[in-house]
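The same subunit A turns up in both complexes below, where it pairs with subunit B and then with subunit C.
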Partner chain A sequence: MTALFLLTRYFSASVRGQLQYPGSTILLAAGQFFTTIIDIVAAWALFARFGPVQGWTFGDIAMFFGMISVSFAIADFLSRGFDMFGAHFIKTGDFDRVLLRPRSAALQLIGYDFRLARIGRLAQGLIVIGLATASLSLEWDAAKVGLALWTIVGGVALFVGLMVFQATLAFWTVESLEVMNVLTYGGVQAAQFPLSLYAGWFRNLLIFIVPLGCVAYFPVLAILDKPDPLGAPAWLLPLTPAAGLIFLAVSFLAWRFGVSKYTSTGS
Partner chain B sequence: MPDAIRPYAAAFAARFQLMLQYRAAAVAGFATQCWWGGIKVMVYAAFFANAAPGETPITLSQVITYTWLAQALLVLSPWSGDPEISQAVRTGAIGYERLRPIDTYNWWYVRAAAWMTARALPRALLMLAVAGVAFPLLGLEAWSWRPPADALAFALFALSMVLVVLVSSAFVMLLNISAVVTLDERGINTLVASLLIAFSGNLLPLALYPDWMQTFLLIQPFASFLDIPFRIYFGGLTGWGAAAGLALQAFWTVVMIVIGRAWMVRVMARLQMQGG
Partner chain C sequence: MPQILVQDLAKTYRVAERDPGVLGALKGLVHRRWRTVEALKDVSFSLEAGELLGFIGPNGAGKSTTIKILSGILRPDSGRVEVGGLVPYQERIKHVARIGVVFGQRTQLWWDLPVIDGFDLLRDIYRIDPVCYARTRDELVALLRLERLLDQPVRQLSLGQRMRAEIAAALLHEPDVLFLDEPTIGLDAPSKLAVREFVKRLNRERGVTVLLTTHDMHDIEALAERVIVIGHGQVLADSPFEALRRDVLRERWLFIDFVDQAPEIDLPGVEVRARDGRSLELAFDPAVVGAPRLIAAITADYAVEDIHVEQPAIEEVIAKFYDLHGAAEA
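Let's turn to the complex of A and B:
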């Protein structure tokens, strides 16, 4: 219970801090909204010119696109401390202080900062899901809503797991590794389109190594009531988001190993 | 070298050499651009598989070449103002800039040009080595960065790229001056980034947007940062078309420099120093 209480305190402190500069927060959120919603314009232009591709329509793509955006926005909101871990904690030696406090390091890092500007990407995701719903005339029943929420849980877990891995690497590299952006921001980019468009090796990477396909492609197929052109059995599709939770668990194992090997850079 | 130019040439050389030192950043940027480029190429290939040859305004191999070029030269677009200048505005160090016995506009302009070209050069060479040389050798010919249409296209492309540096630097200057006015450059930078992504060709080769938008897309200034030189490269703009493209780039360069200079005079006349 104290953990939850602490998180709410962290949360309100962070939000109140950002609301001291409402103009800046609103501008940043609007900026996030526009820079991320532009990608759907490209998909729209391509469909306008070429028509449906491999049986996918614009509405299908918008659903993949919206779901992954919502997942990433929430994960990014929760894991800022891990994202900035190298630069803000390792390099400065501040992680020593975190370790001295009688609460878990992971809890403190989650509470480090909650960026309100992520609302921009969240709004974009929700609007694009709305667009997909309208374009496909999709009926949302309780089962589909539940599946969508479960998909988002898996997606958030996966992206938080990636941030935790990125932070873990900083125990050895000191700097935050920009290369990890390939898997976070680049992962969003990759998951916006159905896996069947990609080459086989890339598809396998996105299913078995970094299971982005399991938190976007497969469960969204179930929401759309489409069979998988790649041949995954229908009963499996709604179960796949669990891969995100497994990924998160593995990332925390790696994190604990990293913490045990930590030597301070401070003096 | 005439005395009037010497300080600017020195500023260019110093900044250029400094920016070349950030090798880890270049490698990280390169990895990201490979990932992005790879995804785009696969998506384009899937869409083009739908269309009969000759039905599309540009061919798949042209789109692929365009994609690698765009990824290679990503940092040559004016994504943001010069971070050192917005920093100087907030700390008050901008006062030193005003004390130098040289023209501040030219000084910043030259620094912006060096900043962008030095960051672009290693990334472009890496991308060329991978997508242009290694891919064909590995049998990935269909996915590779192809050579320019012909020697003339290459010469015009080179000229057009010089104009890209000039027009991008002129635009960075507008962002620099707006940072001086607003003190916080982040809002304007994200807004500009959205426009750049949509209208420069970064998101999608402009030729693939709907046909009714084409005239507008070619004339608007963002095409000068990316789309015009790339069209020249693969032979999409030739003869008078290429000449018109180059003229448009030159036109926007002049317009942005004239606006930037006039604006700078006004802003600097009432500059308030921050810090203490």
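Let's turn to the complex of A and C:
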């Protein structure tokens, strides 16, 4: 409870800081909106011209796309401290300052910054989900809303986990962290489209190693009431977002190991 | 039981060595060569509650490593360390709630936030009781003359203003122990004086135990009765500053302007440091010949226009001390 209270305090401090430059915040949010919605516009143009691909319609694609956008936007909003960890905390030595305060390091990093500009991607995701709903004439009953929220919880957990993992690597090297963007941004791009389009090895990677498929593809199939063309049983589909939470837990285990490495070497 | 206890502390770092250039960087990826650096070899000291200790030494001597271990950021390889009965690196969160730390080179505050908002955030981070917080904050604001800075974002403060705000920020939770790492670095003279004056009062009136590292010997002279000199990861001296002066460089200097050309002086315990026309600078050992006798002897034989005695500046004492111990930075 007290941790949650502190987060609200961090949040209001971060917002006040950003509102010192309101123009910049608004422009960044608009930028996020337009740069991320362009992909789905392009997809729409292709579908309008060529029709369904392997049984997937534009509405289906938009649902995958929108769900992942919402998850990633929220995760990005929460984990800026982890995302910037190598450059802003390890290189500068500011992680020392974090350790000097009587709170868990992870809590302080979540509270480090909440970028309001992420609203741009969030708005894009919600609008695209709306488009998908209209295109598919989807009825949102309570079960579907619940499943969508659960999917987003799993997705947020997974993306936060990726950022925590990236931050953990900074305890060993701050030089080659861009490699991680393949997993975060590349992962977003990959998970925005249905897994069945990809080659087998890549699908397995997205299911078993970095389980992006479990926080988008499988549960969204359940929302769309579609059977899995890959053959996953229908009862399993709504359970898969749990994989995101497991991934997050494992990332935090690695993180704790990294912190203890830091306190023993000081770098 | 002393408040701070450090016994046989040792800490070694492994530093990756790399050949220069792109090829070197690539080679480093495949096969790393490590060099070990002994930051601390065998450091022991203890501090009673209410003491004010100056911690000095050349760059790379082990000051920062010691402060980091004491504040729970770093785990030593071996040795014992306790602050207020807690082992810092084992109970980090409990420990850091009871200490205050100020790094002269780094800000603890929030760059874009007004000072007062940063203070409020620290209240919630440290879980300070709101009533205690308001009282402590108002006291600190008055003592450090922060009234007019409270509404300004930290990034707009001058270095001296910021340092005063930093010190207040480190004390809001009323710690028993305060670590100051180069608190006066880069400050102008009035700010330095203000910081020194405040630290002194804090120590005398509140009984806060203070451990201070600095390269500014005037900090030491103004504040610390007790000084630890560290070099090559070892404690080279642990004594009152005056005792250090006596042991290292007890000579005094006599500056004389003669009416005529400066004469040759040949007295036991006296050396000529410099000579320039009618001026003469002598170094003498007060244990061999006292200042009154020396002055009397000179004024008896020669016509003198002006005369005064100086002590070597503290910098000179410390430089000589480093020199004697081969401790100067390589």
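Assume the second predicted complex is superposed on the first by the 260 of 267 C-alpha atoms of A that agree within 3 Å, B and C clash if a C-alpha of one lies under 4 Å from a C-alpha of the other, contacts with A are read in each partner's own complex, and residues count from 1 in each chain.
We take it that a residue touches a chain if its C-beta (ideal position, glycine included) is under 8 Å from a C-beta of that chain, and two chains touch if they have at least 3 such contacts.
Note that the structure is a prediction, hence the values are computed from the model and not measured.
When both complexes are overlaid on chain A, the residue A:G31 reaches subunit B alone and has no touch with subunit C. In the superposition on chain A, contact is made by A:E178 with subunit B only, not with subunit C. With both structures placed on the common chain, the touch criterion links A:Q54 to subunit B but leaves subunit C unconnected. Using the contact criterion defined above for the overlaid structures, shared-chain residue A:N204 touches neither subunit B nor subunit C, since it reaches no partner.
Look at A:L46: by the touch rule set out above, it reaches subunit B but stays clear of subunit C.
When the two structures are aligned on the shared chain, A:G186 is found in touch with subunit B, with no touch to subunit C. In the superposition on chain A, A:F5 contacts subunit C only, with no contact to subunit B. In the superposition on chain A, A:P102 makes contact with subunit C only, not with subunit B. Across the complex, subunit C is touched by residues 2, 5-6, 9-10, 13, 16-18, 20, 93-94, 96-97, 99-104, 108, 263-267 of subunit A.
Residues of subunit A touching subunit B in their complex: 24, 27-28, 30-32, 34-35, 38-39, 41-42, 45-46, 48-54, 175, 177-179, 181-182, 185-186, 189-190, 193, 197-199, 202. Remark: subunit C residues 13-14, 65, 68, 71-75, 89, 92-94, 96-97, 101, 103, 106, 108, 110-113, 117, 120-121, 124-127, 153 touch subunit A in the complex. Remark: subunit B residues 24-25, 27-29, 31-32, 35-36, 38-39, 42-43, 46-51, 56, 184, 186-187, 189-191, 193-194, 197-198, 203-204, 208-210 touch subunit A in the complex.
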